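Note that the chains take the letters A, B, C and D in the order they are written out, and that residue 1 is the start of every chain.
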Amino acid sequence: MITARLLLYCPDKPGILAEITDFITVNKGNIVYLDQYVDRVENIFFMRIEWELNDFLIPKEKIEDYFKTLFAQKYDMHLRLYFSDTRPRMAIFVSKFSHCLYDMLARYTAGEWDVDIPLIISNHPDLKHVADRFGIPFYVFPITKENKAEQEQKELDLLAEYNISCIVLARYMQVVSPQMIEAYPNRIINIHHSFLPAFVGAKPYHAAFARGVKIVGATSHYVTTELDAGPIIEQDVVRITHKDSVEELIKKGRDLEKIVLSRAVRKHIERKILTYKNKTVIFN
Amino acid sequence: MITARLLLYCPDKPGILAEITDFITVNKGNIVYLDQYVDRVENIFFMRIEWELNDFLIPKEKIEDYFKTLFAQKYDMHLRLYFSDTRPRMAIFVSKFSHCLYDMLARYTAGEWDVDIPLIISNHPDLKHVADRFGIPFYVFPITKENKAEQEQKELDLLAEYNISCIVLARYMQVVSPQMIEAYPNRIINIHHSFLPAFVGAKPYHAAFARGVKIVGATSHYVTTELDAGPIIEQDVVRITHKDSVEELIKKGRDLEKIVLSRAVRKHIERKILTYKNKTVIFN
Amino acid sequence: MITARLLLYCPDKPGILAEITDFITVNKGNIVYLDQYVDRVENIFFMRIEWELNDFLIPKEKIEDYFKTLFAQKYDMHLRLYFSDTRPRMAIFVSKFSHCLYDMLARYTAGEWDVDIPLIISNHPDLKHVADRFGIPFYVFPITKENKAEQEQKELDLLAEYNISCIVLARYMQVVSPQMIEAYPNRIINIHHSFLPAFVGAKPYHAAFARGVKIVGATSHYVTTELDAGPIIEQDVVRITHKDSVEELIKKGRDLEKIVLSRAVRKHIERKILTYKNKTVIFN
Amino acid sequence: MITARLLLYCPDKPGILAEITDFITVNKGNIVYLDQYVDRVENIFFMRIEWELNDFLIPKEKIEDYFKTLFAQKYDMHLRLYFSDTRPRMAIFVSKFSHCLYDMLARYTAGEWDVDIPLIISNHPDLKHVADRFGIPFYVFPITKENKAEQEQKELDLLAEYNISCIVLARYMQVVSPQMIEAYPNRIINIHHSFLPAFVGAKPYHAAFARGVKIVGATSHYVTTELDAGPIIEQDVVRITHKDSVEELIKKGRDLEKIVLSRAVRKHIERKILTYKNKTVIFN
C-alpha cells in the first residue's frame, strides 16, 4: 500500500500536531506512523507522519501543495514529502577498502533496503571486481590536485545523468569539494573511522592507538564543508585493550564502520532523519 | 510549575491524539511533553502527555473526571493521571546486599529523584547501619516458612500506615506473596541478577558461569505472581571472559544491578511506564 | 615467516610454563605470542604459544613428537599444534538467509581471513547466486525426514573429498546429526539468533518479542549433540524498545548475527580457542 | 594467605618469563596469578605475577632486594613489589557533586575494596554531610587563585601526615598543580566526564550536546601536568538521542562517571596497572 511520508519542522506553537493529524484524518488518510519531538531549547517542533493513500481524498500530486498552502507559511514550516513508491537513487563512492561496499551491496541485493543503487564511483580501479560481482556499473575518476575540479564536474554530470538523489562515501578517501556538497545538501553520508569529534582527519586508528584509548568508535554523518564536522547520524563503539595493535584496531574498526554506515543509510532511505542547525533528529 | 501527567492506552482509532491535544490546548494547557506509540500488532494506542496547569481552565481536582467522562468510555480507554507536585512514596525492601540500597539512597539524598522514601523493610538486621546513615526508619521482619503470611500482613499494614504507593525490591531475597503483589499491582519493582529469561531463579551468576556465557546481565521488572516473569522495565549487560570466576561475575554484576534497578525506578517515578499484557511501554 | 602455534591444557603444576618457554627458547625459537590462563576452580593450566620456525632447531615435522614425548605424558597434557602456513579448509552450510554468507565471503575475498573456503553446502537452492558471485562451488542437498541420514552421508563424503577441516553453519536451518558432529568435534560453528541460554530453539526473535525483553542477542557456539547447548565462543547484544516489531528485531538481529559469527570464525581460524568441559577458553 | 604481587616491565628478551617463574617456583612460591604481555612495537615485556608467601624461602622484607639484584640491572627492568596485607591508603578529593563519592564510600563500607580511606578533602564544604554519614574526616581547603599554592601545600602536608599513597579526584573541580602531581606520580586518578580525547576541559556535556553526538562517555585516567591528557585507565559510554537535553546528558553521565571511576580505582587498588609512555597496561 502506498504511503505518504511527511517530515517537517517549525517553531513550536499549540495545536500544530492536532491540526495536521486532524487534517489527514478528515481527508481519510489512515495514519500508520507518527513520531514527534519538541526541542524545548530552540522551541522547534519536529514531526514525521506517514499515512496510507488509498482512500486519501487529496490526489497524490497535490498533497505537497496542500500542505504548503495550509501550513507552511502559517507556521513558518519546513516540510519534505516523500512517497513510499519512490525509491531513493543512491550512488556509492569508494576507494580501496571493500568492507563497507560489500556490506551495502549484500543488503541491497538481499532486498533489505528500499533503494536503487545504479552506479559506483571510485578514484581507484581496485574495487571494480566487487561492482562486477553485483552487476553494478563502476566508474573510475582518478583524482589529482590538478584535475580535481574537472573530475568532480564529470562525476556531477554522471550523477545527474543517473538521476541520483543521495551519495554514500563508503570509505572514499578524498575530501569532497564544496561544489558537490552544495549539489547534495544533507544528502551525502560519510563514515568516519573514529568516535567524532575525537580524532578528526586522517589515520584516526593510529591516533587512537597513540592516545591509548580503551574504546574506539565510528561515526556516520552528513558531509558539510567543514571536515568531519557535519550532522552526526549514528555512532557506535567497541572496547579495546592495550593488547590491540593498530592493525587490530583497524580490523575491529572495520566491523563498526560498516554497521554504523549501514544503519545511517537505512535511516536516510526510510526518510527518518531531519537536520537542524548541524544536528540530526532521528525518528524511531 | 505544576504539571499534569496523563498516561493512557486504548484501541487505536483515528483522531484520538488530535482530540486530546486539542482538548488540552483549547483549555489553555501548555503541553510540555508528548510521546505516543501505536502497537500495530495489538492495535493499541499508548500516550503520555504532560501540560502546565497554571493557566489550565479545568480545576486540578476535576481533571481526571473530565478525561474519564469525555474520553474513557468513548474510546475504551485506560488512563492514569498524576501531578508533578505529588511525589510517589516508596518503600525499599532489602536483605543482606547493600549495593542497590546505597545507590538508591545516594540518589535520593542528592535530590536526583522526585520521591519520598519514608521507610526500609528487611528480613534481616544486617543493613540497619545503612538506613541509619541516611536517617531512614528500618523495620526488620524475619521470614520463616511458618510466619511468612503473618509477617507479610504486618508489612502490608506498615506500608498502609506510611501511605506507600510503590515498592522496590533491592536484592530482597524472598519471594513476595500474591497477597502483596495484588495490593501493589505493577508497583513492585524487582532487580533480578541475570539477563532474563536466561537464568530464572536462584544463583544466576553460578548458572551463567556453569554455562560459559560471554556476557552477563541484569533485569528490572514489575513483580507478578510468576517468578521472574513480570513485565521487563530495563536490562543491561556486561562482557565477561573465561577468566572471570563466579566471584568476579558477582562483582561485575553488582554494578549492573544497581544501575539497571535505578534506571527502572527513575522511569517509574517519572511516570513514564505503561504496562500492557505483561510488557512495558517506556516513554522517552 | 612461518610460525608454530601450540595450544595445550593440563592439570596445573609448578614449572610447566617455565619449562615450555625455556624449551622453545633454548632451541632457538623466537616466541612471538604467549597467553596463558589457569582455571583455579578446576586447577587446569591453559596456554597458547607461538614461535618463529626459521631458526628453530627441531624440524617442523618432528615438533609435535617432541612435545608429546617431553611433556604430554609427564603433565597429562592435551596439545594441538598448528603451523601458520597450513590454512584451515572451511565449508559453509546455508539455507535461505544470505547475510552471514555475504559477510563471510566478503571477508574471505578481501583477504581478511587466513582460510580456504572451497565449497558451500545448502539444503535449498536459493543462495546459489551468492556462491556464483564469489565463484565458489555450491552443492544442494535437500533434506527430508526420510532422506536425512543418506543426504548427510553424501555431505560427509563431499567434505572428506574436499579435505574440509571445519564447518560453519551460517544460518543453516537444519539440526545436524550426531554422526556429523562426531566427525567434526568442536569444529562445527553455529550462529544462534538469541542470547543463549535464553530462547533456545526455533523462532527466538518471536519469543523475545513475546517476552518483552529490552535487549536481544546472538550467540556463536560449537555444535554438540544437545541443541544450542555447545560451548559458547562469542555473544553480543543490541538494545531494543517496545517500538520494535518482530520484523525490526529480525533486522537488528541480522547485523548482530553476522558480526558475532564472523568474530567466532576468526578466533577459530587463528587457533585461539580451546574447549574444556563445554566451555571455551578464548586467547587474546 | 599473604601474597607478593610483582609488576615489572623491561625490554623483551628471550627467557625472562621462564627465569622469573622458575626463580619463584624453585624458592617454593606457589604462583596464583600470572599475566604477561609483550608490546611488539616498543619491544617491551610487561608482567604481573603473584605468589603465596607461606612457604616462600626468601623472607618478605628481602624479596624486593633479591629481584632487584638478580633481574633489575640485568634486564634493565622497572619493578614494583606489593604485598596483599599492605592496603593502599587513599584520599578522596571532591567539590560539590556527590555521586562518585557515595559510590566509592558505599563500596568501601561494604568491604568491596581492599583499601583504607582515612580522609576526604574538598574545596567546598557542601559534601561534609556525606563524609559524616560514613564517619570519615572531612577537610575543607577553599581555593582561590591567590591561595592555591599555599592551600595545596597544606593539603600535601595533611596527605603526608595521613601517610596517603594515592589520591582519587571524584569530580574535584580544580586543576591539580604540578607540585602535587609530582608528589603522586601515576597515583592520582581523575574522572573526566567525556569520552577523551573528545571534549577536553570544562563543560563537556554542553559541548557534546552542541556537537550533536549520539553517544557520551566518561574517562578515568592518571593525572599528568597536561590537562585531561594522562594515561587512560578505563572508559565507557552510553547511547543518547536528540531528545536528551544537557540536563539529561548530565544525569546519564553521572551513572557512567561513578562506574568508570570505581572500575579504575579497583584496578589501581588491586595493583593491576602499569603505565608506560602515557599509556596503561591493565592486567586481567
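Structural remarks
By our rule, a residue touches a chain if its C-beta (ideal position, glycine included) is under 8 Å from a C-beta of that chain, and two chains touch if they have at least 3 such contacts.
Note that the structure is predicted; figures quoted are calculated from it, not measured.
Two chain pairs are in question, A-C and B-C; the one with more C-beta pairs in contact is B-C. Ranking all chains by how far their C-alpha centres lie from the centre of chain C, first place goes to B. Look at where the CA atoms of chain A average out and do the same for chain C: the two points lie 36 Å apart. Here the CA centre of chain B is 42 Å from the CA centre of chain C.
Residue positions of chain D with contacts to 2 or more other chains are 40, 241, 243. Residues of chain B that touch chain D in their complex: 98-99, 102-103, 106-107, 109-110, 112, 133-134, 241, 243, 251, 254-255, 259, 262-263, 284. Residues 37, 39-41, 195-199, 211-215, 217, 231-237, 241-243, 245, 278-282 of chain C are the ones touching chain B in the complex. Of all residues in chain B, those touching chain A in their complex are 14-15, 17-19, 21-22, 25, 30-32, 34, 36, 38, 40, 239.
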